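Scrolling down, you'll hit the structures one after another.
Presented sequentially are two complexes of chain A, the first with chain B as partner and the second with chain C.
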Partner chain A sequence: MMNGKLRKQIGAIATWVLTFILMVIICVPGLWVVLTAFRPNGEVLAKPPVWIPENPSLNNFAKIFGFGADQVAIPVPAYFANSLIIALTSTAIALLIGMSGGYAFARYRFRFKNGLFLGLMLSRTVPGIALSLPIFMIWSRIGLIDAKLGLIIVYVALNVPFTIWLIDGFFRQIPKEMSEAAQVDGCTRWQAFWKIEFPLAKSGIASAGIFAFLTSWNEYALASNLTRSTDSKTLPVGLMDFTAQFTIDWAGMSAMAVIIIIPALILTFLVQKHLIAGLTFGGVKG
Partner chain B sequence: MAEITLNNVIKRYGKVEVVHGIDLDIAHNEFVVLVGPSGCGKSTTLRMIAGLEDISDGTVSIGPGVVNDLPPRKRNISMVFQNYALYPHMSVRENLGFGLKIAKQDEATITARVNEAADILGLDELLERTPAELSGGQRQRVAMGRAIVRHPEAFLFDEPLSNLDAKLRVQMRTEIKKLHQKVKTTVVYVTHDQVEAMTLADRIVVMKDGHIEQVGTPMEVFNHPVNTFVASFIGSPPMNLLPATIRGTEVVFTDGKSLPVPTRLADRVRDGQEVIFGLRPDDLTPVGHGIAESGDSARLTLDVVLSEPLGTETILYTSIAGLEAQGKMFGPRDVTPGETLEFDIAMDRAHLFDAATGNSVRSD
Partner chain C sequence: MATKRPPFWQREKYTPFLLLLPAILTLLFVVLLPLLFSLYTSFTGYRLIRPESLWQWVGFRNYQRIFADGDFWTAFGRTIIFLTIALNLEFLFGLGIALLINKITWGQRTLRTIMMFPMMFSPILVGYQFKFVFNDNIGILNNALQSLGLSDGAIPWLVDKYLANFSIIFAEVWMSTSVFAILLLAGLFAMPRDPLEAAKVDGCNPWQVFRHITLPFLMPFVFIAMTIRSLDVARAYDIVDVMTGGGPAGRTELLWTLIARTGYDNARMGQANAMAYVSILLSIAFTYYFFTKLLAARKYMGGAE
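Coming up: the complex of A and B.
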């Protein structure tokens, strides 16, 4: 009795401590980056390490955007625009394909369905970097190097298997009788999809969207190979602009990293409220 | 007027044929129940009527015209699904009004019709709730409300009560029957439960393995089953079916015990014919404990193995020729296991089926 209660309490505390340690491990590097964005470069490598910036300032950000005494000539607005265009376009396309494909896998029977599905998943087991040389060679033949379209195509290909898989799962959870009931109620198949199935799968589609956006937004390896100039360079590639031959501007890089993180955070927060799972609950049975 | 006609309707999935040419005429305002064991093709048949399943061969007509090529929305039917399939992201009011909204009815009409349906089904208090906030029985009611709101030509029900607990099922069964009397419309109702079929139907269609075995009123199907399948499927407890041989004017069981051939069937059997003797438990009753006098009765002395008192009657388990046979004792008294009783057998309600075909000798 007393013993059991005690054991339960110890268990609870252990869980809590473990969670805390895990969260620290996950959060500290990010926190370090954010803190570093507000300190002078000299403080970064100080020994012993300085945690809280002694004179926090916005100098690093000012430098990036070309204000203040010493400027870094990094075209952040151009990179930012490239990143946004590439990530949003590739996400939109990946979602469209993911929705059609996910719906087809969830609702229709067709030949080679399982093989096709497995193939899609297996394509994700190939590390992206292994594809960079073949993609580079093909892209350079057809003139897609240093073009936004080139990256958009690559990111769509990267994201489609996952969006199909995720969205398929969500459509599968919606009983097909809902769409049938709507059709009996007077809907065309198309109407039944948009009025019933789409709203119910919305949370899944939103999750897939966030995932695809973040993948494209943060991708570095392929982008660094396929981009050259402000025509197509994305923010993560732009981070490398802070490395000179002998020096690295860690503080500037951190400021830029913060700039990269902010839109991703905003998007995640905006979409988050759509991520309420289990909307189908209550539609069926008793 | 919406009679529904199925003409040699066949359903194939790939090469597998699961519904083998069904012919059925359903009259205007008739309540027809398709009943049969699970997997016999009831849902498939219903879904072909609804337009949710392609018709591989044959024709389905609703009202005057063949509807084979019409999508569900053009067939003017409504359907209640086994899992209700309410729209979870809409309130009860929106669920009910959805079909009318799609049909571009004006707000006033929608409100009036939704309120009318809510009234009939007692949903007035629930209109602003979402399906998640309803009990099983209430969801069932909303599903029916959604069906009646559109004033369709026909209602299709696919096992609408099978997700409810036993008590609620009986209650809703009665409500469906009342609803049909209120909202006169053609109904096709699918169930695997023969009690639902008996209690609800104007006419019962007994199906097995994609075939129709028998079509008839509940009493016809109960009193005159055309074969051993219908005989054992309809009625609870099921009819006793005992193999026997015709010897002259006797039905001789495998243990040598015998009964006279029922008088009305005497000219339907031939000497030496292998038969199945069918007798409902209601017609195997201890002397003095029957329901109705039989003009053509016989007697057997049997040992009671087990008894199950139900109050107004007691089910008696005995054995005839080594096979279990159930009898009933109306106006029961206590029976001890192993007790030997004299049983009245109502031969005018007994059945004979040909052992080879399983068909009733009456219908051959």
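Coming up: the complex of A and C.
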């Protein structure tokens, strides 16, 4: 008896120790970057290391946004605006295309259905860097290099397959009979869609949108090769500006990292539930 | 007499194709056509600095050249090893984490949210973060080791051949384990209780229950995670590009960083496109493999229902 109880206790302790180690590994690297964002650069380089910032300040943020005396040569506000414009526009377009395509997959039987679905998904497997080569060659011929439009078009294509996959899953969870009943009552299919299916799938569609936004917001392989200047460079590409200098401004770079992560953090919290549901539903129940 | 046939775009038969038209057109113009163009380019001696070389047909010379190139095979082999180690570790850790969190009742929601933390990071940030952590001079890892008295020198995490490869795998695993953990946890939540209790009544020990009931049930979820992961394995490019840039001296060069260096830095577009095709086939092979596994597992689940 005693033995069983002891074993249970050891098990519980082991569980908590493992969980603690896990959380440390997950949290500490990010936390270190966040702390660094509030330090002066001298403290980053200090030996012995300063663990907790001694005089935390917002100087690094002021610096990268161009306030105060010592601003950096990197135009972060412009990058921020580019990122926002490109991610929002491409998300909106991808959602429209994805809703139309997802509805087709969820509600119709047609020839080549499985082949088309597989084809859409396979288009997503092409590594960004491999796709960037021909797009670079074509875009430079038609003047889309270093243009927001060029990147928006690419991101729409990048997001469409996954958006269709998620939205297809959400539409399929809505019983067909509901919109059929509406059609019997005199709605056209178009009206039935907007009155019945769209409101029910709204939160799912929103999470597909957030997912698309995050993909665009975080993308680097294509953006780094298709952009050149403040006209179109996005935040992830801009982050690398810091490493081009001889000495790395770790504090400034960390502040910029925090700027990139905050929107992603908020949005992911909003969708975590839908994301898991969407992925597993679309995948398992087919 | 007979009602006029509606124009074709109003016929039910064509509706799904019309609905899918925007998606098909987008992917045609942004993915398929460029890929055909790059297939063509891979048979030319195209260099960015000499535009007329786009029309210089060289047959299979680019492919012959890369297949005879030691650097290419090193990068290719390293990419395969990198993916094998990373995906297996992600699966094992993800499974471990899912089982662990499934066991915990108090604070489970918070743990789940924290566990999703790495998913929010863009790969470029993961790369930056670990470039910082593993920095030999000011990195938190060396600082911690020195403060604890475990090491007196600066360990060259991103310079030494083995340590640098360890570091990039660590970053990759850190970033992607949560995909497995989350999907497997969802699987554990969806698992019916009856077979578990029946097995316990029949006297199965915990290992047998796990091996013969839990794990088979989780397999479709494993394959979903693997399929999702194989779609974006090339994200590792971002991480490596920030952390080491493939260096020092090509010690962490993966296929993807080699493509970028050949195409953009050396301006040999033809050759880079030939390599890109190898990387595309690699990705498709990975995805196809796990997707067929997923379909098979799904069929098995359907039969069980």
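The definition used in the following text is that the second predicted complex is superposed on the first by the 231 of 286 C-alpha atoms of A that agree within 3 Å, B and C clash if a C-alpha of one lies under 4 Å from a C-alpha of the other, contacts with A are read in each partner's own complex, and residues count from 1 in each chain.
Going forward, a contact is a pair of C-beta atoms (placed from the backbone, for glycine too) under 8 Å apart; a residue touches a chain by one contact, two chains touch by 3 or more.
Here the structure is a predicted model, which is why all the values come from computation and not from measurement.
Novice: Counting only touches as set out at the top, which of chain B and chain C does A:Pro134 meet: first, second, both, neither?
Specialist: A:Pro134: touches chain C, not chain B.
Novice: Output check: A:Pro175 vs chain B and chain C. Expected answer is one of first, second, both, neither. What do you get?
Specialist: A:Pro175 sits against chain B, while chain C stays out of touch.
Novice: Look at A:Ile196 in the shared chain and tell me whether it touches chain B only, chain C only, both, or neither; answer first, second, both or neither.
Specialist: In the superposed model, A:Ile196 contacts chain B only, not chain C.
Novice: Which partner reaches more residues of chain A, chain B or chain C?
Specialist: Larger number of chain A residues touched: C.
Novice: Under the stated touch criterion, which partner chain does A:Asn114 make contact with: chain B (first), chain C (second), both, or neither?
Specialist: neither
Novice: Tell me which partner A:Trp217 touches in the superposition: chain B (first), chain C (second), both or neither.
Specialist: A:Trp217 sits against chain C, while chain B stays out of touch.
Novice: Once the structures are superposed on A, label A:Asn3 by its partner contacts, choosing first (chain B), second (chain C), both or neither.
Specialist: So A:Asn3 meets neither chain B nor chain C here.
Novice: Scan A:Cys187 for contacts with chain B and chain C and give back first, second, both or neither.
Specialist: first
Novice: Based on the A-chain superposition described above, do chain B and chain C contact any of the same residues on chain A, and if so which?
Specialist: Correct list for chain A: 279-280, 283-284, 286.
Novice: In their complex, what parts of chain B are in touch with chain A?
Specialist: 50-52, 71-73, 77-79, 81-89, 98-99, 102-103, 130-137, 139-140, 146, 150, 163-164
Novice: Under the touch definition given earlier, write down the residues of chain A that touch chain C in their complex.
Specialist: Residues of chain A touching chain C: 15, 18-19, 22-23, 25-30, 32-33, 36, 44-45, 48-49, 96-98, 100-101, 103-105, 108, 110, 113, 116, 118-131, 133-138, 153-154, 156-157, 160-161, 164, 214, 217-221, 224-225, 236, 239-240, 243, 250, 253-254, 257, 260-261, 264-265, 268-269, 272, 276, 279-280, 283-284, 286.
Novice: Which residues, counting only chain A, touch chain B once they are in their complex?
Specialist: Residues 175, 177-178, 180-189, 191, 195-196, 199-200, 279-286 of chain A touch chain B in their complex.
Novice: Looking at the complex, which residues from chain C come into contact with chain A?
Specialist: 13, 15-17, 19-20, 22-24, 26-27, 29-35, 37-38, 41, 46, 97, 100-101, 103-104, 111, 113-125, 128-130, 132-133, 137-138, 140, 143, 146-147, 174, 182-183, 186-187, 190, 220-221, 224, 227-228, 230-231, 233-235, 237-238, 241-242, 256, 259-260, 263-264, 269, 272-273, 276-277, 279-280, 283-284, 286-287, 291, 294, 298, 301
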